[in-house]
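First chain written, first letter: the chains are A, B, C and D, and each begins at residue 1.
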Amino acid sequence: MQPITHIADLRAIAQRKLPRAIFDFIDRGSYDEITMNANRSDLASLRLRQRVMVDVSERSLATNIVGEPATMPIAIAPTGLTGLVRGDGEILAARAAQAVGVPYCLSTMSICSIEDLRAEIKTPFWFQLYVMKDREFSKSLIERAKQAECSALVLTLDLQVRAQQHLDIKNGLGVPPRLTLRNALNVATKPMWALRVLAGKRKSFGNLEGHLAGVENIKQYATWIGGQLDPSLNWRDLEWVRDLWPKKLILKGVLNAEDAKFAANGGADAIIVSNHGGRQLDSASSSIAALPAIVDAVGDRIEVLFDGGVRSGQDVLKALALGAKSCLIGRAFLYGLGAMGEEGVRIALEILRKELDFSMALTGVRDVHDVTRAVLVSPERGLAQN
Amino acid sequence: MQPITHIADLRAIAQRKLPRAIFDFIDRGSYDEITMNANRSDLASLRLRQRVMVDVSERSLATNIVGEPATMPIAIAPTGLTGLVRGDGEILAARAAQAVGVPYCLSTMSICSIEDLRAEIKTPFWFQLYVMKDREFSKSLIERAKQAECSALVLTLDLQVRAQQHLDIKNGLGVPPRLTLRNALNVATKPMWALRVLAGKRKSFGNLEGHLAGVENIKQYATWIGGQLDPSLNWRDLEWVRDLWPKKLILKGVLNAEDAKFAANGGADAIIVSNHGGRQLDSASSSIAALPAIVDAVGDRIEVLFDGGVRSGQDVLKALALGAKSCLIGRAFLYGLGAMGEEGVRIALEILRKELDFSMALTGVRDVHDVTRAVLVSPERGLAQN
Amino acid sequence: MQPITHIADLRAIAQRKLPRAIFDFIDRGSYDEITMNANRSDLASLRLRQRVMVDVSERSLATNIVGEPATMPIAIAPTGLTGLVRGDGEILAARAAQAVGVPYCLSTMSICSIEDLRAEIKTPFWFQLYVMKDREFSKSLIERAKQAECSALVLTLDLQVRAQQHLDIKNGLGVPPRLTLRNALNVATKPMWALRVLAGKRKSFGNLEGHLAGVENIKQYATWIGGQLDPSLNWRDLEWVRDLWPKKLILKGVLNAEDAKFAANGGADAIIVSNHGGRQLDSASSSIAALPAIVDAVGDRIEVLFDGGVRSGQDVLKALALGAKSCLIGRAFLYGLGAMGEEGVRIALEILRKELDFSMALTGVRDVHDVTRAVLVSPERGLAQN
Amino acid sequence: MQPITHIADLRAIAQRKLPRAIFDFIDRGSYDEITMNANRSDLASLRLRQRVMVDVSERSLATNIVGEPATMPIAIAPTGLTGLVRGDGEILAARAAQAVGVPYCLSTMSICSIEDLRAEIKTPFWFQLYVMKDREFSKSLIERAKQAECSALVLTLDLQVRAQQHLDIKNGLGVPPRLTLRNALNVATKPMWALRVLAGKRKSFGNLEGHLAGVENIKQYATWIGGQLDPSLNWRDLEWVRDLWPKKLILKGVLNAEDAKFAANGGADAIIVSNHGGRQLDSASSSIAALPAIVDAVGDRIEVLFDGGVRSGQDVLKALALGAKSCLIGRAFLYGLGAMGEEGVRIALEILRKELDFSMALTGVRDVHDVTRAVLVSPERGLAQN
């Protein structure tokens, strides 16, 4: 096998290894993928400001993310159905995060339950919550997260209704997720882990297991979940969550300054500037384009995290330069997971670390906390003026 | 067959099913297709402003279009020779529009006559008129539209002279439309409906049938029609039409503010901002680029409709955001018609509805009447400033 | 054969019919072809302002070009070695121009001599001159142009030194033109006209024939010509030409306002804004980008003509809108000549006429003299402002 | 073989002739190659201002580069491992530079030693230095450069840490350079020169030979070198170098005005605006975009040289127009070296000279010292304003 040198290598391997339905599910975006592509191209359009002859022999990427120490300003984003990418995918990814020293966030929509993960992981992890129509069930999830000593609750804001990924439907993965796995995964070629999930050996949709007694198959779960998305969710519901959850509360899916102010006023500890990886509102701004105005609006009051198109340490540095405190990665770790399991996630994280470290050195920054907008070349400079 | 998830799927099926000459006729634009392509790319370049945590459990797309209720702000544009795409194409499309609850507009250049359609459809429909050199014939068409209780007359302004679509000529569809169908349609493979049109089983060019007695074939019709385009048409002719037609009058083909003012001053009830789908003046502005100045000029006086490149609910939302009251779709429904007949048109409309509904939800808009320019990210914000 | 509907069709046929060396010679540009491509893309980027309901039943394209009536604002540009594209290529193109009613300009570097052409053509034609080191020879050419009653002299300014077209060298057409035709043209496949030129049946390099007695072959001619380019040429030489040539004097190859003023001050009757079709200075501005400042500087004093990338009537209209009085076409007629000889040139001209006529109608312009900058959508309008 | 008409031809031949690992090593850039590509596209985006009718019969490209006469404003950049491209690659390139009359700069990371080159070349050459952790060794290199009468020392600033080229790792060329040549070069097909290097016939890594006694193979050298990059390097170290080296001192790798000022204040005679050919900080500005602000800041105090994406004489002219005194070429000469050895480097230099000479003529510049920003079309002119 060729050496793995950047995230694109992990993606290529994952594409070979995963059933097409699963790869497309993680790889693609909603509708015409305008926003997904903008996430990448807007990041690529930014230019870093090289500095030389700065003593960068002592460099530090270590930081705090929402109050907890991390070895670098990167966290693992909550991603749905991670356990379908690899058997025990959530556990594998969380172990890699623990090994590397960055936060892991478990999704409500996980194959693995909160308790399963708690049993496997020593360090605190975050739990991502969708507020469902059945508020009692949401409440029970919050309670379980407390029991599991999750250190932060990540409340997803941008999934009151669910977008469509064309290929998911074509591949037999419904939206809302009708996981007709028997269609999606070619039975003849499907790997052992898929059979295990199908056979229920690992508690599939573990977080919902206790709630839905007697359902016969995955599809029933999924239909129920789809019906639980709550379009009535609004800022008043934030109070309800805030009351139930005394620890760190992170709001995910903020894409403009007004919403960021509501979040800050509502008592959130942090927000994640995110467009759900280009998987929800298509034609929404790229995350990086949305970031500066949000930082200007609330950057001094709450911690602003970033997510959307991060595939390299350079991307991380650019987001930090525009005011993000840390970045979350989704596809970047899922490619690693699909390619090589826990080791793949670890490799993905180490690639980003190495690239970020290098890029800091060449922009003359010794400590990740010293990254400022000066790290970017402003567009009013340079060629545009000639 | 794979599930149909967006308009592009219908296009792909239509391309497989239709004779190439017919597919190219509906799919392509005039000359170098600069304007046709700009219609799409300018729409794609706009960014929607995501809002979260707004209670969007009650959403309404229902509106009025030129005085009539519609279930969403979308209407079926008049398209020539629709009956060549499918036998009885006009009737099938109108039935789908009726089922879905949106206006249908019959073209002068239809295979099906006004009376044919009236016999099949219960709800009001619109009739599109070219003012011909033979004003008496134009007058008779207006009279027939009255008799058929058409609810609105759509006067096309941008066809005083006719552009060229290169492929139409190469495919044997002349401009002006020399419908040498025996050449255009491969006889061996042509579907039954084409034979029916050729054989005259359905009254072909029904609207002209009574007028042109004794003509022997379709080509003669077409030659006559081509000669009827009237380059002398001007705003004074509008008075003549206005006098003959007391009901709603819509002017189609306005692309700048000056013309929009003439239209408003001339007593039109509505205008359609349109470049004829990129099928007339090549290098004309995209419709979406032309829209804002027109809305600024006359938006408070008459209803401004929009047409040009709409292929998704996101596109509809963008046009509404820039001031359009509703959108007309041409190719989007023709692909559906070519792919699956009436059902295909219905599917096209439902796809757009679902996408519009979703995009409204994620931009925090509950009622389609509440869409404003605030739904768009203004270009002076975001990345461009960093 | 498929119908020919636009210039690209003629190009495609010419590509099939011509020896590759000859096709590349006319089709390609100098160095990296940045300027050649910019000529086309800058024209494509402009948007025409559609107007409707203007009585355009009476439209007129007729104009005067440098004092002579023409049926439309288009002239045939001087192109070197036109006789290699087709035997008697200059005569064929001039006949087509005469038939259509537009000026033809014979190049110094023609296979056909001034006298040859004079014998064949009834109407006045223009003669293009390179001022050579051998001023006496240049003077003799001017005298011959007078004798032939040429109506205008076109002095080329941008060929003091000659650029390189990479493929010409690779194809065996040297720069300066080492016409090693035996290499360039595959003998086995070369058409009759090439054999004729090689055999000297038509007086090859006719304009130099009398001057260079005893030279044995085309290559010797060409070497001599290459050595005659005069890098010392300057504005003082214009006086010399002006004194020798009392009739209309047109300066070709002006690309900025300063040079345009020198030209006007020097007594020129007209200038041609041109970058030699992207065949000289690579990275020079596109002609259309250079046009407005030149028109602003001298448009009220001398006639400003335009050349560079014109392939459609829309392109012509755009150039007129930015202040050009007429356009010259090079490749557009050469493709026609290579494809179908005289008939091909006529078709090319009629395509442009039809497109220009149509585009004028849809921009509401009845007379070509009424074209103004208002025909263009200004960039400060439309989408860019939203 | 087809004639060689531009640098791209040399690249194509080099690609065919070189082992893939070596070709990729010279051809590719770091990480996502954003900066490498920006170097080229930003140069391409600039437009030259054509001037005509200027007497350009006497043109001069001759200049001084950092105090020494050169026949044109071009020098050979220091490139690592040049001796792997061709056996004795450094000597061949230096001979070509000597023949053409431009400076050659030997890299610390050369296969050939300073003394080897000195023995072969009569004219002065430059020596490029990395300041290593082992300062004594760096000092010894400076001493050897003095002994060899090198005329200038080029201190590389932008390699305190080393970027990654993905393909180098995949091809078996490590970073830091683990030259596992037995893997990188297919033994069966590797040319004689590669065998020679492997067999140590030419003193490989000649500059380090004396320093590292007893090492057994190339890989050991390389590992040692990789460990010698010194991230603590800072502007105070410049004093140390300045004290040791009394002759001309050139600082390479400056990409913004602040660093340029430090360089000028630190006693450098010249700087090279460079991003290491897009091989270090990816997403750094293109060199040409960075140039103007640097020239504005220090252009009147020290000599500003340029490097980054130069592949044509037009590129050279653009860099001079924005204030560079001369340009260095890297890949452009390496392609020539890989394609045809010394002759290839000579051809590369002559191609650039010819193109520069031509482009100066058509911009009306007689002497290379007369090139100013006026040679460029400013963006506030032309099409953008219409």
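We adopt the following convention: a residue touches a chain if its C-beta (ideal position, glycine included) is under 8 Å from a C-beta of that chain, and two chains touch if they have at least 3 such contacts.
For clarity, every value in this text was computed on a predicted model and none was experimentally measured.
Trainee: Note the shortest touch-path length, in steps, from chain B to chain D.
Mentor: 2
Trainee: Measuring between mean CA coordinates, which chain is farthest from chain C?
Mentor: Measuring from the centre of chain C, the most distant chain centre belongs to A.
Trainee: Determine whether chain A and chain D, two copies of the same sequence, contact each other through the same residue numbers or different ones, counting it as same when over half of the numbers at the interface appear on both sides.
Mentor: Mostly different residues: under half of the interface numbers shared.
Trainee: So chain C and chain D are the same sequence; what rotation in degrees superposes their CA atoms, nearest 5?
Mentor: 90
Trainee: If you average the CA atoms of chain B and of chain C, how far apart do the two points sit, in angstrom?
Mentor: The separation of the two C-alpha centroids amounts to 42 Å.
Trainee: Residues of chain B touching 2+ other chains?
Mentor: 46
Trainee: Tell me, which pairs of chains are in touch?
Mentor: Applying the touch rule to all chain pairs gives A-B, A-D, B-C, C-D.
Trainee: So in the complex, the part of chain D that touches chain C is made up of which residues?
Mentor: Within the complex, chain D contacts chain C at residues 2-3, 5-6, 9, 44, 46-57, 59, 312, 314, 318, 354-355, 357-359, 361-363, 377, 381-386.
Trainee: Using the touch definition up top, name the residues of chain D that touch chain A in the complex.
Mentor: 31-32, 34, 38, 42, 45-46, 157-158, 160-161, 163-164, 166, 169-170, 230-235, 237-238, 253-256, 258-259, 262, 275, 280-286, 288-290, 292-293, 322, 373, 376, 378-379
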